[in-house]
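See the structures that follow.
Okay, so chain A shows up in both of these, paired with chain B first and chain C after.
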Partner chain A sequence: MTARRFVGAALLGAVALGILCRNAAPPVPPSLAVSTGKPDIYGSAPAADVQVYTTPAAFTHASGAPLPPYGEAPELADRVARGELPPVAARLPEAPLVVRPYESVGRYGGTLRVDAYQWRGYLHHGLFRRNSEGDEIIPDLSEGYAYSADYRSLTIHLRRGMRWSDGAPFTVEDILFVWEDEIWNPALTPVPPYSDKDRPQYVAVDDYTLRIDFSRPRPDWMAAMSHPFSLSQGVFFNPKHHLKRWHAAYNPDADELARSEGFGDWTQAYTFHAAKLKLEERPGLPTLNPWVVTAFNSSYGMAERNPYFSQVDTHGNQLPYIDRILALRTKADQTQAKIMQMLGGELDHLPGFSELSVDEYPFLKESEAIGGYRIVAFPSSMMSAMTLSLNPLVPDPVLRPIFNDIRFRQALSLAIDRDAINEMVYLGLGEPRQETPLPLVSFSRPEWGSYLTEYDPDRANALLDDAGLAWDRRRRVRLRPDGRPLDLLIESGHGSQIEAYVQELLAGQFSRVGVKLTMESEKMSHHRLQEDLFELLVCDNGGPAMELCFAGGEPYFLNQGYGWNRWLTQWIEAGEPPERIQVGVEPPEEWKRLALWIDEARTLPAGSPEWVDLKQRIWDFRSQSLWHIGTVYRVPIFDLVGARVRNFPKLPWYGWSTGAHVMTHPEQWYLETPRP
Partner chain B sequence: MLMYVVRRFAYMLLLLWLVSVGSFVLIQLPPGDYVTVLVADMEMFQNIVLKPEDVEQLRRAYGLDRPLYVQYFAWMGRLVRGDLGNSIAYQRPVLELLKERVPMTVVISVAAMAFVWAMAIPIGIYSATHQYSLGDYVVTVIGFVGMAVPPFLLALVVMYFGFRWFGFAPAGLLSAEYIAEPWSVGKLVDLLKHLPLPVIVTGIAGTAGLIRVLRACLLDELEQQYVVTARAKGLSEGRLLMKYPVRVAVNPLVSTIGWSLAGIVSGSTIISIVLNLPTTGPLLLDAVLKQDMELAGSIIMVLSGLTVLGTYLSDILLVLVDPRIRYESQT
Partner chain C sequence: MSLRRSIWRRRRSVASCDEDRLAIATHWQLMGRKLRKHRLAMAGGYTLLAFYAIALAADFLAPYDPHDTHRDFPYAPPQAVRFVADDGFHLRPFVYGLTAYRHPETLRRIYTPDTRVRRPVRFFVRGHEYRVLGLAPCNVHLFGVDDGAPIFLLGTDKLGRDLFSRNLYAARVSLTIGLVGVAISFVLGCVLGGVSGYFGGVADTLIQRLIEFLMCIPTLPLWMGLSAALPKKWSPLGVYFGLTVILSVVGWCSLARVVRGKLLSLREEDFVIAARISGASSARIIGRHLIPSFLSYLIVSVTLAIPGMILGETALSFLGLGIRPPAISWGVLLNDSQSLRAIAQCPWLLLPGAFVVIVVLAFSFLGDGLRDAADSQSVV
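Take a look at the complex of A and B:
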């Protein structure tokens, strides 16, 4: 038992004690408190989505009314009056994006107090995003895109007159800067992400139009890049006017400047100032986001309104409504302390995504009134809320053939009582499912999700008997071919409480078919995953590949079997013949075929009959391979939203593939009372 | 005497060097490095998949591609010049991070120490002078409970009931509205409102322990003949008690000041995590978990430095104060 788990259990104990003192009822573990019927956790259907119109003209076309003259926050109006800022019309692009707020047009003001752990989700905007159903790519900071008929060239349109938060113009130059001076600069990127034959050409048609010419049809490119974090600052564009002073190509004295700032050479200084993937930790970095980071230390982060933010509401008011965001830095996994801050009214929003687990729901629901917040629940878009993974390259030479026998994996899937997991761990809110694309995905087939999800220990036992795993004399456990008991180490992807619950349930269920589990509830190191050292793994938050086929692209690698992945990368991306590949482990033929299919699917336009056919072949195979065994899906992810926060939308799905809480449009939230 | 001081000083430097090697090795011992942790975090929580070359680039940017001994000497080289190095997780100098954390840590630790003494000394005296009375038993039971209950559990329970009964979650040291503000009367009042819980929780185990120590010492002293003599000479009971046996019995408490120096700066890690206090302890723990070498190593060096220095000073003081102690070489 780790300290954290003990703390969690102790708080649970304290809660139970509290219930006991009040009701004199026996303490009930929260997971069992709701056992009959599904509570209406998602509430009524959303009133109206947060709607965006790419330009004022699009808004006028849709609503029949012209956009009113631009308005702005009072503090900005004061600064304009003092001559410190240009007027709002000069700060906005010629055609700003128009946002129809969720409930109503908001009021300006106030400080939103949040937790710093995922606060980039409040700040972040990319060139594109998905609509909340996830089936459409819509412009955000950009004005749109268009493919050529043969999908060999893609044109991205930026907004004319758009500006960085320091007032400098945002143009194609800022994209080419990253492309030419970061990605194709050998000092910054020693191994470029494209091979020479695959290298696309970036062409600046004019200041606001970028054309990307691919070496082969790439209809998948936009689908894969539609994630709000993909075509975004630090990855796709950077403020060239700000960063070039640290770049050797623009400043011959860049090394000296770097050393005067305490760095070893200019690449280190540049990497620091560009803050790739850590933008929210770099005060003073120009941005296109609604708020600009002004402070970040070991206790808190602070972000203030960006006077140049490029979006307005349907009344013409420049967004965001909220003045500033204060992000308190509590230790990342210290959920109990964060819940306490929420209960004590010290936070205005606590995102549930990868923070609050479903076992906390009863307590949090009960405390809604006293804590001054409301729970907003969304169905998770993960293919499976908790997945059991087997390592195909498990180091134990006796286990490897057992794992690679499909009957063994089928037996494990049949030995899982998914209804019990759903009731005991997920309050009965989820639904049993194999880890396969969700029903709303266009090419999804119903039989994938239900494949071998029934609880049938007899069939599982028969399969294991077939596989040659005989019971020991007293019929307590099955034996491996070398005569030792079949005892598998099951590890934990995050070390979360939920994973530990599921491990315990699985251990009980598998013991009925003679498979013994030894549990390790500490978070498994990344090293063990990458070097293929583990045996079994349960993980409660998908993993990188889980949701991606929802968004369009699909990686050809697995979440495990990294030896195979390394081999496939060489084979497919570098085009090496199999006999010359020195890295990784050569996968079986059917996996090579799968990788070729996935690679081919990338060249077909999404939604075309060939693409659907190929995707279905891929998933016919994947859904039956059972290297990842799904349990339940559509479990709730719930946010705690402070009473004074308005315009917090309900989403049909919530998950990483659509951008997590970027999708809740924090720029159109407002505070009913500016002071808490 | 001078030889002794010099020799001890040399030992101290040697010890600190060994600590630096030891902590460096221990922090590097788990497989992987900060970049491994960062990449795992990005994959697990932000679902960003990095290619191996991206990972190599990160490693180079953080200077983690250099051989271990180079990393060690780079860190050591800065350390001897008084530069604590840079945290790679925070991308800021360690000194700055410590400046943010140490003052609050010292406030809590010193307040907790004052609380311990203010509670333990009177109760200990009472307990010893009223041995086997009802009050003594009550104090003894409370003392044992105080020692037996893990402080972080106590913190959780107090926090829960504080919230249930007063609607006030006393987590942290400052309310959100003050945390980013400059110091003001309002901020000070807010701090004082948050201070009692961490101080009491941190101090309660120490108080219980100290009551026991003081009671035992004082009971020893009370049976000494000089007490009987003083009493025979007609000294009033209160004056007698404070002037002689208590002064002697407090000695063991005073001698602990030297080595509590490091504790004052580090703060109580587990309680700080549970109560979300901005002290040095959680910073160190996080740094060790993330393998943020220079941050973790430098904090450990500062803390060990303080411990060694405290012991060194108290050793020298002992020699000066107590003529019975001689550390001259026997050869």
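Take a look at the complex of A and C:
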């Protein structure tokens, strides 16, 4: 190859690349050439939750028609005919929950192919769930609850005749088993979650009624426990008939059994088989979920229909519609590989929650037709889609007084150009907002969300000048009192790409007010958070956002300030006098006052005038303290839903506060053309 | 030595003027002469010269500060510089204005050249301030358009930063950050390999055992460990520079092995014995007689080590282990192209890859030509 030919080839390559680049933009459809206002990606169809009726009687009351006789999947009917299963009416509880399918009554059959990373969300059901707005408690596996008038006693009703997936009855025994033999067994739980003073009493009224007696009014308990993952298998109840053989209290030879299975002692064997929070990884474990895990290995997981699942549709057909779920195990952070699988038609559903970042949207939307899926977008219910946090206990002794100066935090909030972040990172879909309760929360005040969210570098500079942070000689950076440049390390909560982009934007915006940022885009270790070692942090995950989250009791300091939190916990919950507290760091007086308010609010029923007054006082204080600086909120979370998946709901809000995609009710999805 | 002897013989015979000059030419002159005849090597050399010149003048050539974000133009495609408009040819190049709108369904930003707005390219315009060679402040830039209107020759990235400017600054980092490391390993390899091969004995044993130990250390985990261990508050470039220096302190081994082997065979040659008998010192024998005998190998090893460092930087930064933002290198720029979206919608994000290929090829061609030229056995 001569030089001339090489140069020629290089030129040709450059020209080809140029053509490629220029052809990349599609022609402009003339009708769309002018964009007006904010794009609407949620569509015109109204958003609503999947509606459920607690019992057939409630369904009849609401619809005026009785529930038709129960139906079941053809394969189950075959097994009933062969005598392998009891008939459907005997498998369902006396009063099953009735689900109104989102679009239409489905047809049985098919295999749903999904990714295993958030597989739990397809299988999971708890005793209760919340509505999407997060202000209502909805019975799910249970039939309901009732408080006594003084909120000292709570009664939970289970469904009469409900059965585990192996046919054994599900009763209060299964709840007491966890309470007495796990939580209050020192070998399994060395540090129980309640102090002796606060320990509630669990009383079995009958097989299907549990009463919990508290030592003081606890209206917050049910609000906190209404999260779908709170009162659920492994946490609140467990199949006693299945697990007791590995428990020393029921089997004197439990240690021997454990050793014969290769465990060190019975506690290890028990913990393995109970599979707390890892139910989807333990084939053979009885469950109350719509599907039972039958296989889980390094390449896939498989779950088959639970013949005893306790819910039916409005035609009386037992749910779920889909026969089985096949979950492919791709590494958690291999998002691009999962998108490829979706585009190649290998998956039927890819949940976007904490997986698909908003900047993937244009490409995925353009590829809808090729990939044979549709995008369903929901507004995220996070208080702020991206939050900048300052560490009040920052280890650097020079920085700590700077951070604790409210003018510094106010200046940082004013120095953030939220419109730029919204436009460049969130495709213009979000709205500027501080990290405060959403407008739909009952006690929310409009001024909290907009407090110092305007972009005003001049005012920010004036505030920083006031705070005594002078510029250096060349006016490039401000100086700390010890003469060194004000250079802050900004870290990343999840190590996500979006966080890295926001870090870069903030670095540019803060440089205009003389605050230099050094970026670290790797995920920050939990240790640095827990021990209060970081300086600044951006995190794409806000705090609890919905009514029930606040009604369930708030942490004193959200997501950070662990030293203060430990001190306040010791002071309030253990009731120790300040001079004897050895843990954590004593916070300033106003935070002690806040902790007292929070503690008082927990004893008041949510919505009462005293409660609203306390919550407003709490958030008047919090929203102005600016330890968490919000950017924008109501950004979309979107799922990729395969074309053959029907009954996929369009929810009004979406987020972890309501249990993420548990809210999409996979048990009432069906496949239009089921594959064998 | 056969060449020298033949030259000597030819010099004594009657020769033409040209041959005469050839005969009295030094080793370096011969090398230069041979190199100039190697056209591919010359092409590679000029390419590299151009790249290093661009890197040196990046401040002047870049129309924008590489960290400046243009919030209205994220993911803008490359703009063509034109001479021909509807009304014919213009001597002064111009770019069309850029209209952007967000597609209401896909939310993708779509850019179209606005042929009604014609913006002439101006030369030697005032822009962001920089320091010439790090000394004198200056704000003159080679080109730009009026009123801060966009001229994105290679498009923009996610945050609307001009990729042409970013690529220039990236060249500066990518092309130079490995040089110090290469120099350290080169010196260490020559000196320790030379000592080991020439003196032998205890020194040889010690150095060889040290080499064997160092060669056992796996570099990628070492790299990951070091990048996690270095203080978070160091600047990203400082961290990377530290890493290359540490790695080059470990990476001189293979060169030292070859130098030792060569010296072991050469030190028994007649001309070395002759030099020793004449009373030459060890340093002179190594530096004057032995090293030049295998200079061709050393040149090849250096010209391959530099592109190795460039590729290493690119690969590690692409994986997020090397240089990190806000520092800019070709690997950092490529890191942004790690998604299906980049390939499908913004292929211009992949351009730094082409620059890496060109530079590495140029180094290889130049190295090849230098090797041929330095080889004293080859015919002129």
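Here is the rule we go by: the second predicted complex is superposed on the first by the 624 of 676 C-alpha atoms of A that agree within 3 Å, B and C clash if a C-alpha of one lies under 4 Å from a C-alpha of the other, contacts with A are read in each partner's own complex, and residues count from 1 in each chain.
Heads up, the rule we're going with is that a residue touches a chain if its C-beta (ideal position, glycine included) is under 8 Å from a C-beta of that chain, and two chains touch if they have at least 3 such contacts.
Since the structure is predicted, the reported quantities are computational estimates derived from the model, not experimental observations.
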item	value
Which superposed partner A:Met663 touches (first chain B, second chain C, both, neither)	neither
Contacts of A:Glu346 with chain B and chain C, given as first, second, both or neither	first
First, second, both or neither for A:Leu112, with chain B first and chain C second	neither
First, second, both or neither for A:Gly264, with chain B first and chain C second	first
Chain B versus chain C as contact partner of A:Gln336, first or second or both or neither	both
Touching partner for A:Leu506 - first (chain B), second (chain C), both, neither	neither
Which of chain B and chain C A:Ser298 touches, first, second, both or neither	first
Common interface positions of chain A, toward chain B and toward chain C	3, 7, 10, 14, 17-18, 336, 340, 343
Chain A-facing residues of chain B, complex	30-32, 36-37, 39-40, 42-49, 51-54, 56-57, 60-61, 63, 86, 90-93, 97, 100-101, 152-153, 156-157, 159-161, 163-164, 167-172, 175-177, 179-180, 270, 273-276, 278, 282-283, 286
Chain A residues within the chain B interface of the complex	3, 7, 10-11, 14-15, 17-18, 111, 113, 118, 188-193, 229, 262, 264, 267-268, 271-272, 277-278, 281, 295, 297-300, 302, 326, 328, 330-331, 334, 336-337, 340-341, 343-347, 354, 370, 493-494, 525-527, 541-545, 547, 555, 656, 676
Complex contacts: residues of chain C adjacent to chain A	39-40, 42-43, 67-69, 71, 74, 77-78, 80, 101-112, 155, 158-160, 232-233, 235-236, 320, 324-326, 338-341, 344-348, 351, 354, 358, 365
In the complex, chain A residues that touch chain C	1-3, 6-7, 10, 13-14, 17-18, 20-22, 24-26, 28, 32-35, 39, 41, 336, 339-340, 343, 359-363, 365-367, 419-420, 423-424, 427-429, 487, 489, 491, 500-501, 504-505, 507-508, 518-522
